[in-house]
Structure formats: C-alpha cells, structure tokens
Amino acid sequence: MAPIRAQLIGATGYGGLGILELLMQHPDFEAAQLVARDDAGKRIADVYPHLAGRTDLTVDAPDTVQVGEGCDVVIFATPDRVSQQYATDLHARGVKFIDYSGDFRFTSTGDYARYADRHPSISDSTHAAADLLGQNAYGVSELNGEAIANASIVGNPGCFAVGIILGLAPLYADGIVEAGTVQVDGLTGSSGAGKKPAPLQHFSHLNDNVIPYRVLNHQHVVEAEMTLGRIGKSSGATVDFIPHLLGTTRGILNTMHLSVTQSVTREALLERFREFYAGQPFVRILDTPPTLKGPLGSNYIDLSVFVAEGGRRVVVMSSIDNLMKGQSGSAMQNLNIMFGLPQNAGMDRGPLYP
Amino acid sequence: MAPIRAQLIGATGYGGLGILELLMQHPDFEAAQLVARDDAGKRIADVYPHLAGRTDLTVDAPDTVQVGEGCDVVIFATPDRVSQQYATDLHARGVKFIDYSGDFRFTSTGDYARYADRHPSISDSTHAAADLLGQNAYGVSELNGEAIANASIVGNPGCFAVGIILGLAPLYADGIVEAGTVQVDGLTGSSGAGKKPAPLQHFSHLNDNVIPYRVLNHQHVVEAEMTLGRIGKSSGATVDFIPHLLGTTRGILNTMHLSVTQSVTREALLERFREFYAGQPFVRILDTPPTLKGPLGSNYIDLSVFVAEGGRRVVVMSSIDNLMKGQSGSAMQNLNIMFGLPQNAGMDRGPLYP
Amino acid sequence: MAPIRAQLIGATGYGGLGILELLMQHPDFEAAQLVARDDAGKRIADVYPHLAGRTDLTVDAPDTVQVGEGCDVVIFATPDRVSQQYATDLHARGVKFIDYSGDFRFTSTGDYARYADRHPSISDSTHAAADLLGQNAYGVSELNGEAIANASIVGNPGCFAVGIILGLAPLYADGIVEAGTVQVDGLTGSSGAGKKPAPLQHFSHLNDNVIPYRVLNHQHVVEAEMTLGRIGKSSGATVDFIPHLLGTTRGILNTMHLSVTQSVTREALLERFREFYAGQPFVRILDTPPTLKGPLGSNYIDLSVFVAEGGRRVVVMSSIDNLMKGQSGSAMQNLNIMFGLPQNAGMDRGPLYP
Amino acid sequence: MAPIRAQLIGATGYGGLGILELLMQHPDFEAAQLVARDDAGKRIADVYPHLAGRTDLTVDAPDTVQVGEGCDVVIFATPDRVSQQYATDLHARGVKFIDYSGDFRFTSTGDYARYADRHPSISDSTHAAADLLGQNAYGVSELNGEAIANASIVGNPGCFAVGIILGLAPLYADGIVEAGTVQVDGLTGSSGAGKKPAPLQHFSHLNDNVIPYRVLNHQHVVEAEMTLGRIGKSSGATVDFIPHLLGTTRGILNTMHLSVTQSVTREALLERFREFYAGQPFVRILDTPPTLKGPLGSNYIDLSVFVAEGGRRVVVMSSIDNLMKGQSGSAMQNLNIMFGLPQNAGMDRGPLYP
C-alpha cells in the first residue's frame, strides 16, 4: 500500500521536528515535504545534527511551495493564525489537515474569541475561516476519537490542556467536582517555548530555577474549561492555573486540587479512572505518584489520584512528555485516527530512563 | 568583646556545614567545637574541600566530648530525638541551645505527639524532656521574636513549614482564610534530604525529574497548621500539602492556593503583606512572582500574592533557600535574637545570581 | 520463526534495563527470563515504573534459576567476576553468552591480569575460566565483527573504551600515531556508575559539578591500549586518560589529543575516517564537533577530527550514549552479529532531541 | 575615610552585576554610578530581582553621562573596543580605569593585533589608543601585582586565560615545559557568554549537553601563550585549546596535559606549586582533583597536579568560578591592588556548597 503522504509546514521548530521523527518511523506514513521559513534550503539533518544519517530531506521555503499539493494531509506545526489562512482553500480542495495552534481547537467563533482574547500574541480575535468552525474536531484523542475520525480538520490540543483535561475528565464526566475549587499547579520543561532563544529560556537564568509565569492567566485554560465543562454530567468548569517553568527540557507535571460533592476513597477513584480509560493504549493509571521523567520520550500520560482525610478533597496528578503527548505524539495519534489506523500505529517507543 | 562560643553537634551534615559557614563570617560568634560521628578526627576542610584555606577546625567524636562544655550555646544540627536526650542536663546547667529537628518546635506534649506520629522515622512519640516543653520557643523569627529572645531553648522550624507559615501568616492573622481550602504545592531541591546517598537523591534518577512524595502526609504540615491556626484572629488551620522533589540542589518554592471569606484585591493584599512584615530585614514582598533562584545562598524569603477573578481565591507564593532561611539561616537569625544582636548581624550575604 | 530466547542475569541494574528494552522491541529476540538478586519476586515494571503497561515480566532470584536453561543465549549484565563462574559450564553445554564486565574482554590470562590489577574492586587477578580465554571475542562490533560472529563468548567493551577505540582506530591502523602522545579527557554522565546510591552520584554533590576521578588510572584504558596497539600497522599504544564525571545522566564525550608522525589535513583525515567506517550503520563522521546529546538514546557514535596549525597535532572527538553504544546498545549489536542478523536489526531508534 | 567611588560602564550585563555586588559589600569602595544602554532608566533591582531590598541604584543611559566624572575609577564591563574609545581622554584627565575586554590586555600593538585577528567579533585590529599600550598592566593579579599597583590602566584577563595561566605558570617559570606539547580541554558553564539569549545558550539545547566550540581557535589562547611564553625561564609557549560548553551556569575547569623536559614527581610538583603561590590568598593547591563547584561564588582558583608513569607527562587542573576569578573577582582583586589595599579586601566570601 502506498504510504500516506504528509506535508509538514513549520518543519524546523521543535513541533515540526517531533512529528518528522514520528513520521520517519511510521510504517504507513511518509514525510513528503518539509516547509519552513527558517533554514529554508538546508538539509534538515544540518539544522538538527542528531538526524545525521537518518534522512536526506531538505527544507523548502514557503514561497516555493503549494500548500496541500502532492500530499494526503497537511500538518501545520506553526504558530497561531497561520493555518486559518490556508484552511478555506484546503477544505475546498478536500485536503485534510491538522494544526498545532489554537486555530482549530474551538468549534464556534465565540469560543475561539474567548481564547484569542486571552492569548498574549493574538491581537485580532476574528477567525479567518470562521465558517469552518464546527466542522473541525478538538484533538484530545481519548475523548473525541469518533469526531476526529470523521473530521478533515483537527486542532491539536495545548500541552498544558491535554494533561489537565485527561486528568480531570473522569471526575467532570461524573459531575462530582465542586464548582470553583479546581486549583492546578503546572510544572513544565523549557521545550514548550520552542526553539527560539528568549530571556526566560536563557540557560544561565533558567538552570536550577523555577519561574512561575502568566499566573492565573494562561490561554490553555480556556480549552480545558470548555472541554471539561461540557463532558458527561458536567455543567461548567473553572480552573485556576499557575504554570511554573522548570530548569529541565521536557515534561509537564500537573498537580490538580479540587473538592468533590460526595465522599470518595482513593481506591474507588483509581478504579473509576481505570474503567474510564479502559483500552486506551497511552493512558497509564499508577498506584504511585507519577514522575516527570516517567513518560519521557513516549506518548504516555501517567495519572494517579489521592484523597485527603475526610474524602472530600482530591488531588489528581498527570505527567506527560510535553513534546509527545503534549504535542507531536498527540498529533501522530490523531493522524492515525484520521486515517483509520490503530491510534498507536507506529508509536510503540517506550520512555527513556534513566 | 569576647566572641560567643558555639558548640556544633552534627557538624558534618549539610545543616552543620551551613551554620559553620555563617558562624565563620560572623563578627560576634565563633565556632568553638565541631562534633560529629561521621568523619570524626578529620579536618572539616578535608570533609568539605570547598573549605580549603578557610578553617583548620577538626571534627571531634561525640564520645570524646562534653556537650555544653566550654561554650555559650549548643547548636544541634542533628536528626529528631537527639537534642531531647541532652536537653534536661543542658537546661539544668543553664546552657542555651537551638535544635534543627522537631524536638523543640512544639510547646506541649500533645502537639509534639501529633507531629511525632506523622514523622516517618519516629517510632516513639514520648518526649524525653517533656517538662521543658513550654519553656522553648518555636523559631520562626519574624513571628516569635520576643519568645525567642527570652528562651534558652529554640526549635528551628522545618524547611517547608517556614515558607508556608510566613506566606500565609498575614491572611490567618486577619482571620480571612476560608476553612479547608488551603492547597499547597511545595517544590524542593534535593539538599533538604541531607548528605547521605539515597535512591530518591541518586543523580541518575533525580536529574531532570520531578518526584512527588509523601503526598498529603508530610510531617512539616503539623507545625504549619498549629502555628497558623493560633495566630491573630485565626481559629484553626488545615493545609493540604504535596511536596515535589526537583532535580535541583537548593531552594523551596511553595505555591499556596486558598479561598478568602471576603473579596480582596491584589493591591490591597500586597500592601497588607508589606505592612505585616515592615522592618523585617529578610522578608521581601515582590510585585512579580518569586523565582526559586531569587534568594539562592541568602536568608531572604521572597513573597508575592495573586488574586483570581472575583476576588475570593488567592494564590501566595514564597521562595527560600532551603539550607538558609529553611535551615541554617533561620538558625543564625534565631541565635542573633537569642543573644540580643540585630537579627541580621553577620548575615548580609546577598543571593548568588546567575 | 521462533524468537531467540535470552536469559538476562543482573536484570535490575541499568545495564539489565537497557538490554531488556532493546530485546522487547526486537523482532527476532525475546527476553525469556529476568534474574537478579535485588528486587527478586517483583514485577520489573514495579521496579521501573516507566515500564508500566509494557511488560509483565517478573524478576527471579538467582537461587531459583538454572543459568543457561530454556534459552538460546545468556546475557550477563553483572559486575566483574560473575560470568566467569558460569562460563565453563555454559561453554560445555554449548550455550552462548555475552558479558558486560571485563571478564571476557581479554583473550589471554596475561592481558586479563593487567586489567584486573588496575581494577579498583578486583582483588584476585586469576581468571576462573582461564582455558576459555582465546575462544572469546572482544565486542567492539565495528572492528571485530567476524570474531564476534564466530564466538560463543563475547566480552562487551567498557563504556569509555569503546569511544576511545573507535575514535583512534583509523589512526592506529595507519600507524601514524606518535608514541606517548595520546591524551584523552573523557566526560561522562552519572549513569555509568549504575543504580546504586553513592557519594559521587549523590544529587546535591554532582549537580552542576564536574568531578575528575581515577586520574591517569582508569581500568578501561587497559583494553583501549591493547586493542589500539595491535590494530593494522600499529605497534603498541599508550593512552593517558582522565575521566570527568559531569552533572548529567547519559553520554560520554571523549576529546583525544595526539601527535602524528606525518603532516595531515583535516579534510584528508575526515575522508580517511569515512572510508574506514564505510557501511557501518552506527558510526557517523561529522563535519562539526559532536555534542554529548547528539546520540542520546541511540546506538550512534558521533566522530569528528580537527588538526592544529602545522598538521602534526590532531584532535579526535567521539560522543556516545554510555548506556547504548557504551553498554546495552553494543550488546544488542553484538547479539545480532552472534546470531547472524544485520548488526542494526531492531535498533533503528533515533536520538532524543531536544 | 571617604569611599573610593567607582563608575560602572556596562552595568546590566553579568560582568557589571558581578562587580556591583562586590563593590556593594566592600568596606572601601562605593558603586557611584551605573551606566548601560540596556535597561537605562530602570532600578537595577528591577532588572535583577534578586537585588530587591539591597540597592536603590538606577541605571543611567550612556548619552546622559560623562565617563570618568565624579568618580575615582571607571570600570568598563563592556565588550571589546569600547574602553579604547575613552582611554585617551581618561588618561589625560588622570582617571584610572580597568577594562574587562581584550582592549588593554596587551602592551604592544603587535600583540593586540594578534589577538584581534583571532577574535570572532573584531573586524579592525587597529587599536584606538595605541600610544597607551605599554602603560597598561595585564591583570593576572598573582603574577603582575607590582605592575598593576603602578598602572592607571588595567586589562582584566579572559576567563579561560586566567585558569590556564595560573595553572601552568610555575612550570613555564621553571622552563621545563616541552615545546608544542600543551593540550588543554576547557569546560565552561554558560554564564561566560553573558546575559543575551543566543542559540548555544538556549536552555533546551544546552541542558544535559556538552558542546565543543571554537576548536583550536579561541582568542583567549593568545594572551595565555604570550604570558606563559615570557615568564621566568620560559622561551615561548604554544597551547592547543578546546573549549567545551557545559549545561551548567558557572565555573571553568581546565584540564591541561603537557610533557616536561626532565623527570618529575607529583609530590615535588605540588610542593613547587605551593611555594610559587605562597602568600596568595586566592590560590589553593589541593591534593585531590579540583571540582567545578569547589570555588563556586568565590574568588578562589583551585589547582592540582598529576604525573603519569615515567615522570615526563604532567596533568594540571584548575577550577574557578568564571564570573569571579574569571571576571569580576579578578577585577575587584585588581582594583584593590590599584588602590593600595590588601588584594582580598572585602572579598572573604566563601564558596557556596552544596
């Protein structure tokens, strides 16, 4: 069978690199073309020397390329407001695409605007392909598998959001979260900020440091609140979220505190989580607290649950590799679903430890 | 004036090292004798080569030493249940002492027992010097200065506790914390666990990792709850606490979430904190979130406060160097107070950055 | 075809873990049995939680196991002087084995004794299976492929040695290294020291540190000198070697200085290296200096060469993942060769970056 | 006595920060004015929040300032080719200055040109104050104390150079280094590259990495070769030098290999080093290998020497904090000497460990 050909836009950032590596080792997909403004004309193995000997692909400049040509799917590993410029044309031509930014995570212009207003680098909250919203699927694979399978447009989730959503979904689905009690501390490695040098990611500043930022104001919370607030028996969700940048490269560990409307036990909750995620190849419910390194380099999300004395206050922890389950791993998982493959096809790479 | 002579018990752990270095650069104190089981007979500069050229002191074995002899104060940088063996004798002889463990953080046997029951390495919750409890002071310098000045026995606070207590004290003092809402994520460097090699502190395991441990069950919470629950207008305190071990050496950053019983603004809270800690040389109220490295190597505690939309949910963050304000720095501050010196005497060393 | 069944002795150390993970993703091999003293009776996924959901294998205690039974090959991921106790019996029964220690890196008792005398934890330099020496092969796959293919006993190389040997082999083979000029600084991550907590690997000590150790006295030099001294036109080799322990988990970067007996250019040397290693799937000759992270998680060795003004002084750098090419990766490569498979069968995992 | 007033040019980089902190805790100096292009108009404690509560100084823009006015000394913590623009004027007005760049490390235009030609960011090797060369002193305090004391212009040494020079000076002074044999591997933290974000110092790239750079081509070698080649019985010096950037913030550890013209023992060399540096407060000769963290935060240089079998090949290791002895610490030491103070006045801060 001919491989599924993917055209990769934004190929030289960490997001592009991540999906390229997954495509390269996938039996059914092929990285057909790499497109990026930075380093156009170079071999990707010269941009990323760790790829030496693994690929001869060269980076094409955007102005020399027809987006959506010669491929079965386009992958936008680009910042916000790029893919929406191409969306109408691609959709008209029947070309599927997946996007890493917030452009297609929302299914109404109102939802999108609420996100865009919160985003630090979006000044205009009008969506350039507003009439496509509603035809897209939000790519939290474990919750929206059917929608993703049927969609030709998928919005890959935010790295913090996917860890929060999967961690809290069973509780919101059961409608037992007390309103206004969810407090989340997110701990993240530096790679989520991408490849471009910046003061927060300057080594001398970040090494051995913890830097809280965008306190109570991170844009990923919007998609988390919307998703959790509309699941199962849930009726709305509020998440107070504080991201902490750590002096480490990969990983996001979310520690999530909340009150529940009925008394629970740890054993019952663990059981409920295992049942909720039964059959999901990338969700692991652990008896011990997840660690940041546990899923390193893999697409796993590690979850555990704890209950305070009295049974009314719950702590959920989730750990992911932010560049895998938090980005390219989820994208590959969604691509598998979009093309009718098992969601873990080509993705059996285990975590790297120690 | 003759220097104040300090005898240091447990001199070769990180706690002993920290106070030794502070004593060495103090104009009024002198490290008169170093006592430790490990490395007895060695020069301390051979145990810790970074001290080369700075001191000729040698470590004496406990069995060759009279505790409390030839000194004005004894510093126990020892594990739980060591100083209480010596306490009655020292007190009878009128020798002041300060202790790093939980032995003298509590002023009643009931309080001590509650702590001891929670402690993972204490099997017997009977205090060996029970009749001295009540004559000791709990060494959170900023809150208990007068008691410390008058006490001959001071219990130095736990590293997590001091950051939580100073971060929440103004709110508890004002009686505005809603009961049962305090959720704290503590992020700590490895050095709090001391010098002894152990699996959690093994480099290959901890590097680039975050390891939650003793979830909802850490013993430092006991002293935090007792102290906060009895301050100002407060009537009891409950703290849900989750320590996270980070792949870094020094520092504790506590992110503390809580609800308040009346609507507040960020500006008003910052102002209240500045007023509460007015004149305190080591407390810094910042407009920006504190960072883990901000106080590195110094005795500062950096604090900031944030308020969620609606004015009823508050986040306080505190950052300390766990070996300074979290341990030896607080001890030196308390020793200054005990001997009538300004609390920052000999302690003007600033943070090391980058 | 039935899988090749491997019995793994010393399964719970980092070496055992590494080969287990390679066996698990290998199409032709199977981890048939895990044997270890530590954690016997436990599921390996409980010992290493990052394996959750990936394997149900349980660790068997050595005294409950017949070494060499029910398998096609035994893998000793054990310390020095373990495998030599089993060697005679296994050889008599026709069971192949590979050993991670120095036990079968040498093909004469004299060579072995020279190594054993240098080793810090070997007190007796008599080999327990002396008559098998000569029938074993030294497992530097790229140099000794034929011998490894024909041997039933393979001694896997030392982590520092493999990087030094492959870096210098082309120069020694050509006989152009000036005697007594080779100076090597080796930089290593902590994981080479294994899983057991120890003072040098204590996080608070090693983090942000560089610790030179066993200066001019490391036992891996012995196998490097012997191998290089007997290759091609070489007539003896002396290597001055200084290992430096770094505050990082994985990787060995060797910077090797030497004088050559004739004037050379960088271009000619790079060409010579490319020719020397033509067809070798795991050797990459780079135009730029190799970095420690370049091969992370993979079996690559990255090499580059530089020439000082005048053409008579050469610098070779090699970089490997010490747990892969420096240990389990070489072992898997050797196992492939021993069983007639392509040397990179089941090993196409690329490096993890960033 | 009135404090010595220092005007600090380039105050907001790491070099400016370092000397500011040393001036702040110095009993005889005062930071009279901070000047910098970046962050002009801000309080320095807003630029560097770890200074909160320690100083109210504000940064002045260069165009609002008269360089050399209202001060006793000017400190240029600026890039190459800045101070030489001001030098003639300052010298004419009798204002002393010290410069962090290469501008005044050389005492002839020929020497300067050799350095400038090697420097990656200097395009013009003509010195703008050529007639002052010869009146300046090169600021390796331990070797040139008298010249520094008498000079009104001091060129502070390069961070790699000071560690190489002090490590090899005793051997070159004795004239026993065999020509063309010196091979140096330098390991450096990231902070030497300063505060400005750049790809090599991007956290995700550098963390856990080692990156060799400017192989055999670093400009600091020029001043090292000139200094070592003209000391005592020396007649010329060649140093092959390879800098390696480490994933750590502070510190430079140089491992230096060389051959000697006569047989030596380790004991004799250690003795010779101790004699050579007798009375120097910042030089520590250790029996054990120096570690990178040993001098962290202090002005010490830690040295040790090893001898290979045969007595003709020697390894010297030196370790410094690159921002202290490698930069601001040396500057403060030189300023002390320039103003007739003990060279360690105001500088008794010990290393930070762990």
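Worth pointing out:
Per-chain numbering from 1; labels A, B, C and D assigned in written order.
Criterion: a contact is a pair of C-beta atoms (placed from the backbone, for glycine too) under 8 Å apart; a residue touches a chain by one contact, two chains touch by 3 or more.
Keep in mind it's a predicted model, so treat the numbers as computed, not measured.
The chain with its Cα centre farthest from the Cα centre of chain C is B.
For the pairs A-D and C-D, the count of C-beta pairs in contact is higher at C-D. In this assembly, the C-alpha centroid of chain B lies 37 Å from the C-alpha centroid of chain D. Centroid to centroid, with C-alpha atoms defining each point, chain A and chain D lie 46 Å apart. If you average the CA atoms of chain C and of chain D, the two centres end up 40 Å from each other. Residues of chain D in contact with at least two other chains: 14, 189, 191, 195, 204, 207-208, 247-250, 291, 293, 296, 354. Those residues of chain A whose C-beta lies close enough to touch chain D in the complex are 14, 189-191, 193, 195-199, 201-204, 206-208, 247-249. Contacts from chain B toward chain D in the complex involve residues 14, 17, 21, 24-25, 48-54, 191, 195, 207-208, 249-250, 284, 286, 288, 291, 293-297, 300, 302, 323, 348-354.
Those residues of chain B lying in contact with chain A across their complex are 180-181, 183, 185, 187, 189, 204-205, 207-213, 215-216, 240, 242, 244, 246-251, 253, 255, 257, 289-293, 296, 306, 308-309, 313, 315, 317, 354.
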